[in-house]
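After this come two complexes, each holding chain A, first together with chain B and then together with chain C.
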Partner chain A sequence: MTLILEAVVFGILTGGVYALMASGLTLIFGVMRIINVGHGALVILGAYLSFALLRSANIDPFVSLVITMPAMFLIGVVLQVIFIRPLKDDREALSVLVTYAIALGIEGLLGYLFTNNFVQLNAWYETASFAVFGFHIAYVYLFGFGLCLAVLGAIFVLLYRTTFGSAVRATMLNRTAAQLVGVNVDRVSAIAFGIGVSTAAAGGVIFGMTNAFNPGSHYDLISRLLTIIVLGGLGSLRGAVIAAVAMLIIEDVTAVVISPVWASFAFFLLLVIVLVVRPQGLYGIRVRERI
Partner chain B sequence: MRKPVSLAVTGIVSLGALSLAACGSSSPSSSGSPQAGTPITIGVSVSLTGDFSGDGKALVQGYDLWAQDENAKGGLLGHHVTMKYVDDASSTTQVVTNYQNLITQDKVALVFGPFSSLLTIPASTVTDRFGYAFPEPAGGGPSVFNRGIHSLFFVQPAPVEDNLVSFTQWVLSLPAAQRPATAAYSTEDDPFTQPQVDKARALLEAGGVRTVSYKVYPAETTDFTPLAQQVISANADVVILGTQEPDAVAFIKAFQQQHYNPKALVETAGPDQGSDFATKVGTANTEGVMVPAGWWSSAKTPFNATFVSEFIAKYGGTPGDIPSDAPEAYSVGEVVDQAAQKAHSIANSALIAALHSGTFQTVQGPMAFDSLGRPNGASFLVQWQNGLTVPVYPPSAAVAQPEYPKPAFSG
Partner chain C sequence: MSSPARVRAVKLGALLIVAVVALLVPVFETDPATVNVAVFTAMYVGLATAWNIMGGYTGYVSLGHAAFFGFGAYAFGLVLAHLGIQAGYEPFLFVPIAGALTVVLALLIGWIALRTRAATFVIVTIAMMFMIQLLAENLVGLTGGGSGLSFPVPPWSGDFFDTPFYYAMLLMAAISLAISWWIRRSKFGLGLLAIRDDEDKALAVGVPAHTYKLTAFVISAGLVGMIGAIYGYYVTYIYPQYAIDPLVGISLVLMVFLGGLGTLWGPVLGAVILEPA
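And now, the complex of A and B:
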């Protein structure tokens, strides 16, 4: 029983990290209707930026976010302006190719700068732990979960308590209508992309402290992140959070109760069932397109 | 009426083009020997990107160092050697394309093997079809040898599934009062790791060590917390893990987090990566961790001391920094050199025949191959002690007593 409780607790804590990484992806889809398959590579880029600061200036990975999150925001804005904004027709399909090219470019650059050997972010709280319910929780999971709550909370406040947030939500609901009522959609899109990419930096730090990673680690990561936002409903932040936590709890509990081999299958089974009942995902909006 | 004529012309032109193409891509020479004194190229598909990229780069270091030494003494039977590497991105399909291109397009004289059993299996099917000898440093799982291929030679002291035999022999050699009563196993579903763990489990169970946990996990697993939880909850005396380096590190960190300290811990790979492993888990936490090995930097094998000093001179670092992949790759060149001298030829057919007979001296020690290319030796048990890996079993090779029980992780 302790084993299942432990799996649930770690599922929630690790799920928070995936929620943070997936939130940027779903925000970008919601605002721009593009599928950013380069998001996994941007998470890994964020982890490497913190790794570089740790190695060269001995800056704690969490503290490094003060530098890496703004830097990643700027990178996101630049990427959006140069590569995404010019896509006018067939955005959803073309964006997959363009963002995949971005991912490959980032992977190649990181391989050149850091080699392809696995690295990991180290800090004292990575292995230090405290006892609860008969097992131990490493501080890194607790700090990581706290960071997730803080970043996701900030995004919710930005979206629901500011004028800019209203513009973002208007763009998410109807891009053309938002333009008609005076929303600068291009500007909103660039900033939203930047915010999405900066959340990748935050997610990358925790991912890099709890996993060994190399420039090729984004392939596994993006497949999991895409699955999360499909289950949660494309464009839904709340859906991404619930789907991420559900995914990790189901996988962890299946791994300890049945077998690790069936862990991913159990989650995908849930995904298929949900999509049969609700094709738009848990919190997605069903869009009826005019033919 | 013109249509049949144009069809016929098209057909003739197509046939002609095919004939020309066939003439242009003459089959490579696998049985003939290049003219004396002419330079040759040896082709290798290596994983410079993807999951095996760290190991792939270490293989390149080992191969390059051998080629440098070989050319310094006049070349391979008088042929100056150039190494040609192509990246397979750790992909089982790309590795097949690479060897096909190396043989049919680049017409390399010889081929050496890639990293891992996973890539060696499809690669060896191609090289065998073209009649090439396929000495390889890292594909030693049972599935490599059960296909009846006679041109493949696994250049390590023992088949991979026997890697943990030394560990089991040491465990069962302990006095009854000290001998562990229970064991927990967790392994990646990889042809390199799982056969080792399964064989160790069978041997330990036969010796009376009860299995309290056995789990197989997919190679693409990234979250090792639940896996570590299962091992910890089993509270076994000894823990046997079928790992590569990332999961080897992840398990140790999870054990530290949970303040879990088994009496003995052995991992199939990871702790053999020298200072890279120590950096990732912290040197203090390496103490007492065991790993099977066919090579270590202070081994008293022929030419090993020179290999170590040359490696450090070429690539920097300390003896502890040398990944085991590098001497394994170097040994591939050594056995080919000795086979060529024995056969007085570098023709692939002559090399295959020569490699099937006699014993070859390498930096990993002497080795010989059976009809399927399996080495007939045994691997050793190595343990981290005071920041270095030292052989601790069998006693004939040991330079230190095994630390048992293993000291607690530093936390």
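And now, the complex of A and C:
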């Protein structure tokens, strides 16, 4: 029983990280109607940026976010302007191909710069732990969870309490109508992509501290993130957060109760079950448009 | 000048020339490295054409076809192992069994995935692919897990080794093309194109959209599974990440987009341009 409880707590804490990464992905989908298959690679890129700062200047991974998040924001804006903006027709399908190319480019670049050996971000709080209800939780999970809450909170405030947020939500609802009432849709898209990518950097730091990673780690990551945003309902931030936490709890409990090798399978199985019962996802609206 | 009969004759002549050139490749080109490229080109012609039946005609972009490709290879390898088939030409006769097994899997996956549309469908097919990959890895007793699955090695010499596989792949490409051509001209194909243009209107005028989509998906997956089976026999050893490779699924989509989505010859053109490059 303690094991299951521990798995649930663990699931919530790691679920926060996935919620952070998935919210960037679902935001990008909502605003631009594109599937960013490169999101996993961008998370890994963020982790490597912090890794480089840690190795060369001995900057604490969490502190390095002050540098990497703005940097990743700029990278996101540049990627959006160069690769995503030119896509006019058939965005959903073409965006997959384009962003997959971005992912392969990042993977290749990281492989060249850092080799394919697994690395991990190290800090004192990664191994130090504290005891709750008789089991130990490493500080890194708690700090990571706090960071996720902070970043997610900032995104929610930005989207629901500012004029820019209204523009973003208007673009999500109806691109053409938003344009008609004076929203600069291209600018909103670029900034939203930048925000999505900078949350990937934040997610990458926590991912990099809790997992060993190499340039190829993004495949596993992106398949999970995509599953999460479909489960939550495409374009729904709330759905992504809830789905991420639910998925990770189920994965961790499966790992304890059945076997770790089936944990990821349970993850995907949940998607199948939800699709059978509710094809639009938890918070989604039924898609009535054509691809 | 360009009467329909004349256009038809020119088209048939061009087709004949392409067919003759394709058939004669291993006769004139004996360098195994070149024939190897030809095998993969023929393979991708078949894969892209088969994918196009679903992705091109109905507009439902599946990025998970690598799952059927790998599943076909695994199913074939297991059938050969359990029936104790000797290496040589005989295994080729069992390729349709791998195709039939893939069809069963595709029915199941299609039934679930086709409850969604557009972007969600794309993502669900990706998730399904990773599920199949995980199964191949976790069902160690059946598939050998991470240590992979070996096929019987054909007793042919190095110079000749690629040739039977080239013709097998070419045959699969021709079958795919024939099916694609037939669908394009049939009422079924017309229904698929109507679904691509506007699924709700198609439903309104009486196109049985769900049955049509599932049929197209299953045909497409079955062909891909058979090609995967031949591929497995050709490379003689497969493991999960190699047989079910996301890159294969992406490459064939790229070829179809390059050549022309929803056309008969587009996928062929895309594959011939991209694969040897």
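The definition used in the following text is that the second predicted complex is superposed on the first by the 288 of 291 C-alpha atoms of A that agree within 3 Å, B and C clash if a C-alpha of one lies under 4 Å from a C-alpha of the other, contacts with A are read in each partner's own complex, and residues count from 1 in each chain.
Methods note: a contact is a pair of C-beta atoms (placed from the backbone, for glycine too) under 8 Å apart; a residue touches a chain by one contact, two chains touch by 3 or more.
Source: prediction; values computed, not measured.
Chemist: Return first, second, both or neither, reflecting whether A:I35 touches chain B, chain C, both chains, or no partner chain.
Modeler: A:I35 sits against chain C, while chain B stays out of touch.
Chemist: Output check: A:A150 vs chain B and chain C. Expected answer is one of first, second, both, neither. What do you get?
Modeler: A:A150 sits against neither chain B nor chain C.
Chemist: For A:V66, using the defined touch cut-off, is the partner it touches chain B, chain C, both, or neither? Pick first, second, both or neither.
Modeler: In the superposition, A:V66 contacts neither chain B nor chain C.
Chemist: With both complexes superposed on chain A, which partner does A:L275 reach: first (chain B), second (chain C), both or neither?
Modeler: second
Chemist: A:E6 in the overlay: touching chain B, chain C, both, or neither? Say first, second, both or neither.
Modeler: first
Chemist: So, does A:E126 touch the first partner chain B, the second partner chain C, both, or neither?
Modeler: first
Chemist: A:V261 in the overlay: touching chain B, chain C, both, or neither? Say first, second, both or neither.
Modeler: After superposition on chain A, A:V261 lies in contact with both partners, chain B and chain C.
Chemist: Check the residue A:E251 against both partner chains and state whether it touches chain B (first), chain C (second), both, or neither.
Modeler: The first partner, chain B, only.
Chemist: Residue overlap on chain A between the chain B contact set and the chain C contact set?
Modeler: On chain A, the overlap between the chain B and chain C contacts is residues 261, 264.
Chemist: Chain B touches which residues of chain A in the complex?
Modeler: 2-3, 6-7, 10, 14, 107, 111, 115-118, 120, 122, 126-129, 135-138, 210-212, 214-216, 220-221, 248, 251-253, 255-256, 259-261, 263-264
Chemist: Mind listing the chain B positions that touch chain A in their complex?
Modeler: 48-51, 53-54, 56-57, 189, 215-218, 220-223, 225-227, 229-230, 233, 245-246, 249-250, 253, 256-259, 276, 280, 411
Chemist: Under the stated contact criterion, what part of chain C meets chain A in this complex?
Modeler: 59-61, 63, 112-113, 115-124, 126-128, 130-131, 134-135, 137-138, 196-200, 246, 250, 253-254, 257
Chemist: In the complex formed with chain C, which residues of chain A make contact?
Modeler: 29, 33, 35, 92-94, 96-97, 100, 219, 223, 226-227, 229-230, 234, 261-262, 264-265, 268-269, 271-272, 275-276, 279-281, 284, 287-291
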